[in-house]
Each structure stands twice: as structure tokens, then as C-alpha cells.
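Here come two complexes built around chain A, the first alongside chain B, the second alongside chain C.
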Partner chain A sequence: MTAMTLAGTGADPRRRLKVLASQEALLAIAVIGLAIAVGLYNPRFLAARNLADVLLGNAYIAVAAVGMSMVIVSGNIDISVGALIGVLATFSGTLAVNGAPIVVAWLAALVAGVVVMALQGVIIAYLRIPAIVVTLGMLSILKGGLISVTGGKWITDLPDSFHLADIELFGLLPFPVFLMILVTILAALWMRYSASGRAIYAVGGNAEAARLCGISQPRTIVMVFALHGLFAGAAALLYATQLRVIQSTVPPNLELTIITASVVGGVSILGGVGTVVGSTLAAVLIAEIASALVFIDVSPYWIRAVQGVLILVTVIADILRRRRMAGA
Partner chain B sequence: MTTGPHSETPTAPLLSVRAIEKSFPGVRALSGVSFEAARGEVHALLGENGAGKSTLIKIISGVFPPDRGEVLVDGSPVDLARPDDARRAGIATIYQELLLFPELTVAENIFMGHAPRARLGRIDWRAMREKTNALLASLEIHDLQADRIVGSLSVGNRQRVEILRALSQDARILIMDEPTAALTEYDVTRLFDIVRKLKARGVAVIYISHRLDEIFAIADRVTVLRDGAHVATRRVADTDAAGLVQLMVGRRIESLFPKVTVPIGKPVLEVKGLERRPLTRSVSLTVRAGEIVGLAGLVGSGRSELAQTIFGVTPADGGEIRIDGQQADIRSPAQARSLGVAYVPEDRGTQGLVRPMTVRENFSLAALGKVAFGGFIDRGAERKLAGDGVKRFAVKTSSLEQIAGKLSGGNQQKIVLGKWLANGPKLLILDEPTRGIDVGAKAEIHRLMGELAAQGLAILMISSELPEVLGMSDRVLVMREGRIVAEFPREEATPESVGAAMMGSHESAEKAA
Partner chain C sequence: MSEIPLPQVAKRVVPWWLLRHETMLAVILLVALIVLGGLNSRFLTLDNLLNQGRLTTEVGLIALPMTFIIITGGIDLSVGSIVGLCAILLGYSWKVFGLPLPLAICFSLFVGAAAGFLNGIVITRVKVPPLIMTIATLALYRGLAEGISQARSVRGYPEWFYFVGQENLFGVPAQLWLLLIAIVVTAIVLDRTTFGRTLYAIGNNETAARFSGLPVDRVKLIIYTLSGLMAGLSACVLVSRVTTTRSDMGIGYELDVIAAVVLGGTSIFGGVGTIWGTVVGLAMIQLLKNGLALTGVKGDATIVVIGTVLILSTLVASSLQRRREGV
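What follows is the complex of A and B.
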């Protein structure tokens, strides 16, 4: 009864307070608050150069987390995305080095991303195999395949025009940051206002109810994975073009960092809840924390532990919220 | 108490349940229920769905404590805070959905948690097999071996394993919740053999069943519950089926359901020889505009399966469905929806409501086509649709943006109902529209059904509550084992006639006629 009364206080006068208490607002406050706090300790943290580097180096994680958030909202998970980003980066770079038109090299990464993810979506949705199993298989295939094919060699001598990440819009806004913001806004609008976006929440929130409402669960899941593949392709391009070389590996546990961004961003691991605005803010926050550790003289190796704490706190809060809801 | 002044025995009854009360938020599940069971007695608990049987047995088996009242074993009160307490008091419960480990053997299942131990705490496999064989022999079960994998057994045999498991823990009070619901006729006879053997050993069996013929075959006494209250305890020998049905449903139908008579129009749904085995067998029925047709039957008689076949969830294998006279080959819910069919499922938790979504989003979910243009949702139109629904159905919510899962059961049910009506259907199939909601919300949903019928909607209502079926319907169809076995116009639908057709008891049908 207490839980119900408390929950019922969302009445109009307190609505504004509730918006402030949303996951997105909390994250935005954390991003700004952390910058100020660390800046007070070490003003060099706030140097434009450093902040830009934090965003530039991690925009691809935020872009991939947008797709990941859709996947998790639909009630699924994908642990192959880190490996896929590595494969797509190498794929695109190889094409560019071998003389393919740059635009073709870029598009190839996007198309290949969509194909690989859509295929996984089909297996998950139509053969009804749990996403974690399918994407675990794909993770091994991609990771093993990449090392075997490239022999661990790096790709160098990339044409200058290949480097998407070097573009600065209006001579000011770096392309990765621009893409991160654009993708987040478009995806957020689409998830919030389109009928297919709504279908993702319905399928993840209650697949059976969605089905009875005439929403096809398999089709929704394939669509979500295809989009996730598109964003993974875009993330791969940002990753591939931020350095002069493409290594045949990605940062260890990249997929877990991406999932962390989604979950900390307020996407419920049980499906049906969350926004991409949250996941992008969380990706920025995680990158900011990693950078801040250096500026406050803490070993950057602590970032994994910090991520872990963030995940546990968010998931526990989410589960408690759901329990209270179920008890009402 | 019921058997007269000379029934006083020198010793206390084996199980005695006294003045049990239990409330859940918004619902009073039990209000002062008492009954007793003696050694070697089979005591049946009878009542409609929602009468409080499940709550009562959960209290006796320690799943949750009562608010008031006590349970006595051998005359002394026992504290049943946890299932383990019940087990120690010698109470074992066999639930409908059997709780076994399918990958393990019969012996392992029987002794799970209390396996005989050898030195160093190792499991003594030999002793376990021997004890299992002794148990099997004691009940004269010869077609079950100790090392068979439980997953490979028939339902009847699995149930026997559960019974053996209870006996292995020296249960003296055995509660069986609808033990025959999933059994074949042959297994039922074998189950009764075992129950009689248990009786002979002095075990008290609390037997819950909807099937009156079983109660007459096996029980000594029967306690009838209604709306969480104790109605009567009778000796089975002193009563008959008609009498029990009477006690179960009571005489409160006319007063609770003020039926509005509306003109009945053309047939909206015509079903002929519909097949989807095993639970839909050559079903034919018609529902007309403005008509409420009640579909009565026991749990498992195939009513929900029929509804889902009509709605395209499990498309038919044969037969014909006509909507407004047009032949319709319905293969999916989306198609049924576009033909003007709406289905409000039985289990609003798993099938109806998307709990983490807002009230607004839930309302528009089945009618997204109506508020979306070019694939994008018009927020204004959506808010209006949801706002109208909230008003029309008197949903008590702080705002349209309230998370639907936080509302009370009755309000959730109104949303599920309203969501479907947002689409402007011609035919509404309601599966247990008022299960598990409080009396006030019930009345409101009944009033709405009347209004909808008055607007010319054809309504097919599945309900396990006989008073609801009788009170709301213009016509009552009765299903049993996947077939429609009887049809009654409103005037002829009495608790006795419909109840008898549901149970398939010819004897009581004659008596009622």
C-alpha cells in the first residue's frame, strides 16, 4: 500500500520534479557536476583540448550504444558488437587501401554491419534462440576470423580522404561528435514518436500483449538488429578513422563498455524501458570518468571497477523499481 | 458440528483450521473459514474460481501466513510461517503444476532435500533405491522404477512420484489441488486407488476439485466456500450434485447483474465446424450484434483456446469463420483486428498490459494505425484517444503518463478493455473479464459491457464465474472437452442446468431439469 501511495504522487504539481529525477537528467547533472568537481581539483581537466579528446575518442561508443539500447529495450542483448566493429573497421580500411572509392569503403561498412546484425536478428527471432547464445557464437566467429584473416597485421597507408573523423563541420565541430549528437537525436525522436519505435517498447515490455495487438515480434526484432548493425557500421567508421592506422583489434571488452553505457543510461536489462539520450549521456559520463581518473592521479585501470559499480547500482535500482511496481 | 451431537470424538481431529482470515491489497480473500479433517478422511474443498480455495491451501501449506485464525494439527496449534514448517508438521501439498526435476530419477526426486546419507555426508544411493522400492511396494505401484528419469514419465506417473515424495517425508495430511485436471480416465482410477490406500493408513486427504462426480466417488465430507467465506460442510452421503451447485453459486445472481435488454441484430460472428485439436472440436456458434453470449465451462474445457483460434493466435485447422456474413480466414491477430475483432485476454498480466508503458501508450497500442500518420504517432490524437478511454472507462489514474503497471488490478483491466475498444471493433471477445478484481471494479466492467452491447457490439464472454455468465448473458453456451455441449437461452440458464452441463454429470442434469 505504501508503495502505491508513493507511486501515486506523480500528480501534476510534482511532475516537474519527476522529470528532474529521470535517469537522463541525473546523468546530465553527473556529467556537468563531475567536470566541475574534477576541474576544481585540477583545472587542466577542463582544457578545451582535453574535453574534445574525451568526446572524440569515445563518440563511437555512444553511437554503438544507441543501437545497443534499442536491442536491449526490445528484450534482447548483443555481445558481438565489439568484435563486429573491429571487423567492419578492417573491412572498410582494406577496401580503401586497395583503391576502392572512399564512399564505397564507407558504405560497405554500413551495409555489412546491417547484414551481419540482421542475420543474427533472423536467427534470434524466427528460430527463437536466445540472443546471448547467438551473439556469443557470432562474437567468436568474428574475433577468430579477424585475427586469422589479417594475421594481426595493421593497416597503414590509408588515403587521407578516408579519415571521416578528421572532418570538422564549420571548422569547429568534429564529425564524430556531430554524428554522435545527430544519431542520438534522430534515434530518440524515432523511438519516441514512430509507430515502429513504439513497437520496440511493446515487444520488450510484454511480447505476448504486443502480439495480441497485432505487432509482429519477429519483424520488430529483425528491424532492431538491422538498425543496430547500421549504427555499429557508423561506429566502426569513427573508430577506424580516428587514428592513422587500423589495428586488427578493438579495445578489450568493447561490447561490455557499450552495454554498460546502455544500462547506466537507464535502459532496463529486462526490456521495455530506456532511451538513447540516456545511453549517450552515460557513454560520455564513462569516458569522462576514465579521463578524470588520470587528472586526479588515480590509476586509469580503476575505470573497469567504476563501470562495474555504475552497472550494479543502476540495475539494482531498476529491479527495485520493478518490484515495487509488481507489488502495487 | 455438521454430523450431529453424537459426533464428538475423544481425540482431536488430525487437522483443524479455525477462523482463517486473509486479505490482499484491495481484496478480502478469506473471511473466517473453518474446517476439520480426521484421520483417514478425504475432505473435499469445493468452490468457484476466486472462492478462496487456493488461498486457503496456501495458508495450510505455509506459503503465506493468515491475518487471523489458526491451524491445529493433532489439537495443538502450529506456526506455519514457511513451507518447511508445514512439512515438519506432516503437511504435504501436491500442486496442479507438479514441482519435480525432470532430469533426475524417480528416487532422486522423491528424496530431494532429505536423501539418506552414508558416511562423510555422501548420499547413500543404495538406501535411497531400497526406500523408494519400499514406498512403491507399499502403494502397490509396479510400473514405476526407482531409476527412471522423471521427464520421461506420464503425467499420472509424475503425480505418483509427488505423492511418494510426500509419503517419504511422513506426511499425514496430504493436500491435492485439482489432481485430476490433467489426467486421463485410467490415471484417475489409479489415483483413487492410491487415495483409498492412504485413507486406510490414516492419512487425511484434502481434495480440491471442480468435478462433482469425483467428489462423490472419493470424498467423505465436503466443505463449500463462496467469496472467501465458509458456506457449509456436508457429509457427501447426505448431499447431491444439485445441492452442492446450489451451495457453490448461492442465490445472488439477479440482484448483482441488472441486465439491460437491447434489440438483437444481425449475426456478427458465425463459426461453423471450427477445428483446432485437441481443444477445439467442431465448434459452431453465432453471436449477433447487441448480444452477449456467455461461454461457460470448467478450466481446461477449451474456451480460451476457442477464443484464441477465432482471434488467429492459433489459427484453425478446419471449419469456417464468418464476420458480418463474409467468410474470413483468420491467420493472425493483426488480421483479426483489421476485421473488427477484439480480444481481451484472460491473463492481463502476461497477455494484456505492457506494464512498463504509460497509460497513454497502453491505450493506443492496439490502435496505433488510428493515431499514426506516415509511421509517426500524432501525440495530440494519441492523448485524445487515451484521454477519452480514461474518461469512458473511469480509469483511476493520476495522469495519462502514469506507468500502467502501478495501477490497481481493476484499473489495469479497464485499460486492457479500453485499449481494444479504441479500435472500434464489431465483435468483442472477453476472456474472464473480471477475474481477480474487486467488486466495485467488477460492477463497472459489467455496466460497460451492457453499454457496449447497447451500442450494437457483439460480445462473446468467457467466464468461470457462473453468476457472471448467468447474469450478463443473453444466451449461454457450455463447453466441455473442446466441444459445445449445451446451449441455454437466458430464461433457461439456471445454476443447476448450466452447472450440470459444465460438470457433465447426467444424474444432476436430470435432477435439475
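What follows is the complex of A and C.
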């Protein structure tokens, strides 16, 4: 530990890598450890059927958490994403029911997601309004707008080909899980090795230094939000197609689950640090915990309290760890 | 930032107090009152206005400490969840644990204060940003409310308990007196005490405030605790008004509260704001809701309007401020 005295800021890339690796390793161990522990208590938890359902039913959260992680790494936050996913799912489903070609219905959700999020990015970056105000306002606009336009009517009779979640690649890999893995890997590589990906870390870590390096902070933030919107669109499609109906309401507190996945996945709320591999693992862990509660005879009504504790513990641990590194 | 060009300040044609955010807002409020009154004869009646005061109390009680918090540059998103938790604990400690109702009320207020204290202690000691801390406790407190109640409601309170929520005292809704007292006290504290001035100092430059020997952490701890306590009080008033306790109470309160405070001219960046502004902001939000409802707009469309108002008022305030600073 004595070697740490040299770099007081904790900016040494090698050590930062080690810390990140440990966060992800920790999560992977937690995912497996929890499965074994709950399996010992109640073997039915380990049934292939249950594990597959946990992954399938929550892949959309991991996909959305990839975008959220980018937003948080850039030093911002977004609490409108849950409402947006509800709106996009309804939008896409309405198009499909009214006879639009399925591909158009799918693309419409992606495009609309990008437009709404990029708009928020512009307000945040160029008009310099804090992200929390913009996204809190957008949350209520989307939530209220959705219910007043649809009247809360469910969309049924969706064409069979609309259901993305039914597609199985090579006969065994369900599409949502495939998309979750693909998005995570692509985003992780892009954020790590491309200049525009690194710019997100620069802007979130030290905006002034990033500016001096010639990185446009507003442009980076708009880009991050636009991408976040794209992932939200993809998540909405997975979410919309896993049930036979779309409920035309905003899934309650979905944004909290997505933020929890990002934060527990090791994305530092102070900006500048974190990877999407961690957030995807965390999304799986949270889904696993929610499912495990049922198998160990705990009421599922406790899940949100568990989420709150998870965020709290990770955030406090992250800050204490940084402080120890800085002060050692 | 560049240096502020001093001489140009004197060239203003309009007197400075007319340009104040609160004054402009009050003028808009008056115009809105007259227009809404003209559109609907049921609007500008004493009964309706007093009833709107009744409805705004729960949000208002929370908006006052929120003004303090936002002036210091912080935020508290967990208030709605604290309302839910306190409402559930009020009902459960009375019905399930068998506490006498007055004790149950005290217990619920205590839990509210404790919830705010937890926010404050982690924000000041561990230095977790208020935004993230209160998002975490937004989930935690709501989760506790849901876990404890298992989505069951409590009703059947004794008759006297409904006084605060439903009766009048000297011709004015009883809970409005609570709000009025809270407004006067917080306005005096903010304007006339060292404590109040410290809030502005923290919001303008926290480091400078620290080096000036101001008890920054203690002050912050107090305002977050106060925020929790007032959310607990708001929960008791709410339960008394609607006669039942459910775990989803107070969902979305943070939107109304923050919108009222920001609309009232408190800068989301900290350092600027008044209780008087927040009171006008509260009135605006409530009249907007009422006016829209009377013209036949449903509740869900109302939150669209409030969300838009929140974003637009922040935009206007920040562009005005930027122009004033000559940036």
C-alpha cells in the first residue's frame, strides 16, 4: 500500500484499472455466490427455467443501464429514462398495431429515443441547466403525456413478428440476452479504445482539463445523451415485446433500478470512472436478488429497500476507497 | 469569468425591485388569477381559494426547508418517500403496535427527522453528493414503506385526528395555520439570523464559508434533518386529510416541491432565493393545477404542465442571471 503515496490524486491508470477489475470481479463472484447460496436453501431457484427467466426478463434493464452508465460517467444523471422507455414501448406498439411495417415500428422507437434524449442533452450542455432539473421535468412531461394521450388503455393484438424477445439465435440464445451481451461488449470496447469514448471519461473526470485538450464538452454530452436514447429505445423494444400486451403506463421506478445497476456496477457518481461491463453484471445481480427473495420466502415488496441499500453501500464504499487512496 | 463591468449597472431604466424575480412572478400570479377568474366563475371565490390553500399545505410544508437546501446548492429528492414512510409508520404504530395516536404522531415525526438526519450525516461526513444520496434514500425509504406495509392500508382513525386535515379554525382551513406559522418562522430565520445568512454563504462559495469559520457541516445537517421532519409533518397532515394510509403516498412530491421552489426564484445553482418567492411559487403551482382542473384538464396533463414550467423557469432564471453577470 505504500506505493500509493506517490500518486495522491489516484489517477495512475494501472491502479485505476485494478480497482475497476476488482469491482467487476466482485460482482461476478456475487452473482455466482448468491446463486449457490440461494440454491442450497431452495434448489428450485437453480432450475434452468428460472435462471433463464431472470436473464430474459431483465436484459432490457442491462441495456438501458449501459446508456445510463455513459451519462453518469460524463458527470450527469438522467431520471427520465424509465418514463421514456414506457413512452417508446407504447409508441412502437401503437405503430405496429396500426399496420406499420414491423421494422418501421422498431426503428421509430430507436429514433424517437435518440431525439428526446439528444434534446435533453442540448438543454443540459448548451443552455447549462442541471441534468436533474431537465430530466425531472421531462420525467413528468413523458409520464403525464403518456397517460393523457392513451388514457391508460392497454395495447393488445400485437402482430407476432413484433416480439423481438421471441427470436432465438442459433435455436438457443434468446435475442434479449444476445443484445445485452453485444451492446455491453461494443460499448465497453468503444468507451475504452476510441477517442470519442475516452472523451466521456475526460469530460466527467475533469471538464476544464478536457476543454484544454480540445474536447468539446457540450458536444460530448449531447453525444452521450443521444446514445443513451438509442439504448433506451432498444430497451423499450425488449420491454414491449416480452409480454403479449403493452400497458401504456410508465413502469414505476424503472429509472431507479437502472441507476442502481449503473452505480452498483462501479460507475462513480463523481464522474470519470466506470465501465459498462460492471453495470451489466450489476443488472443481472439485482434481477437475481429480486428473484431470490421469492425463493427464500421474503416478500418481494422489500426489493426496492434492497436496491436503496445497495446504492448506498456502493456509493459510500466508492467514496471511502477514493479518500483512502488519496490520503494514504 | 470575466470582470464585471461596474458602471453599466447604474444605467438601468427600470427600478431594480421591479426586475426581481419574485415581483415579476407576483405580477404574473395576479394576471393569472384575473384571467382564470374571468374564465370560470367558480375560481375566484373565497371558498375555492381557501380550499386550494388546504390542498397546497402538504407540498408547502416541504417546500420551505427545500428552499434552504437549494440555497446551499443541495437538493433532497427523498422527501416524497419520507412522506410515504412516515404515513405508513403513523398508521402501523397506532393500529398494529397499539401506540396511542398522539404518541404515534410523535413517532412518525421522529422517523421523518431521523430519515433526514441520515441524509444529512452521510452528505456531510462521507461527502456523498446530495443528489445521489437522496436518490438512494428515495429508493430506500419508499422500499421500507412498501416492505413494512406489504401494500396494505390503514384506516379508521379516531374522529379528532381529522381536525387538522379537514376542519376550519377561525374560518381558515386548520392546516393552513400550520403552513402560515412555518412560513413566518422560516422567512425570519432565513432573512434575519446568522443561521439563515450562513445558508447563502454556503451556496455562494462553500470553501470560502468554511474558511470563514462558519459551521458548514452542522448547518447542512440541520437543514436536511429539518427537511425530513417537515416531510413527516406533511405526512400527518396528509393522512388526516385523506383519512387513510398507503405506502404510495407522497409519490412525485419532489416534482411539485422543487418546481415551486425553483419557480419562486431560488437558483438551482445555490446562493440565491427567498421564502417569499417560494410562497408565490407554491401559489402559482396550485392555481395552475386548480385552473387547469376547472377548465376540464385531467390530472395527468397537469403534471406535463408542471414539468414544462420547471424547465422553462430554470431556463429563464439562468439566462437572466447570465445577462446580469454580463457573461
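General remarks:
The rule we apply is simple: the second predicted complex is superposed on the first by the 302 of 328 C-alpha atoms of A that agree within 3 Å, B and C clash if a C-alpha of one lies under 4 Å from a C-alpha of the other, contacts with A are read in each partner's own complex, and residues count from 1 in each chain.
The rule we apply is simple: contacts are C-beta pairs under 8 Å (C-beta built on N, C-alpha and C of every residue); 3 or more make two chains touch, one makes a residue touch a chain.
These numbers come from a predicted model, not from an experiment.
Of the two partner chains placed by the overlay, only chain B lies in contact with A:Arg198; chain C stays clear of it.
Looking at the shared chain after the overlay, A:Ile311 reaches chain C, while chain B stays out of its contact range. Chain A is touched at more residues by one of its partners, and among chain B and chain C that partner is C.
Within the superposed three-chain model, A:Ile36 lies out of touch with both chain B and chain C [touch as defined at top].
After overlaying the two complexes on the shared chain, residue contacts for A:Leu243 are found with neither chain B nor chain C. By the touch criterion defined above, A:Thr260 reaches chain C but does not reach chain B.
Of the two partner chains placed by superposition, only chain B is touched by A:Arg211; chain C is not.
Judged by the document's definition of touching, no chain A residue lies at the interface with chain B and also at the interface with chain C. Listed in rising order, the residues of chain C touching chain A in the complex are 75, 77, 122, 126-129, 131-133, 135-144, 146-147, 149-151, 252, 254-255, 258, 262, 268-269, 298, 300-304, 306-308, 310-311, 314-315, 318-319.
Residues of chain A that touch chain C in their complex: 77, 79, 123, 127-130, 132-134, 136-141, 143-145, 147-148, 253, 256, 259-260, 263, 269-270, 299, 301-309, 311-312, 315-316, 319-320. If you check the complex, the residues on chain B that touch chain A are 25, 311, 313, 332-334, 337-338, 343, 345, 350-357, 361, 365-366, 368-369, 372, 375-377, 379, 398-399, 401-403, 405-408, 419. Interface of chain A with chain B (complex): residues 1, 4, 7-12, 15, 193-196, 198-199, 201-202, 205-206, 208-216, 268, 272-273, 322, 325-326, 328.
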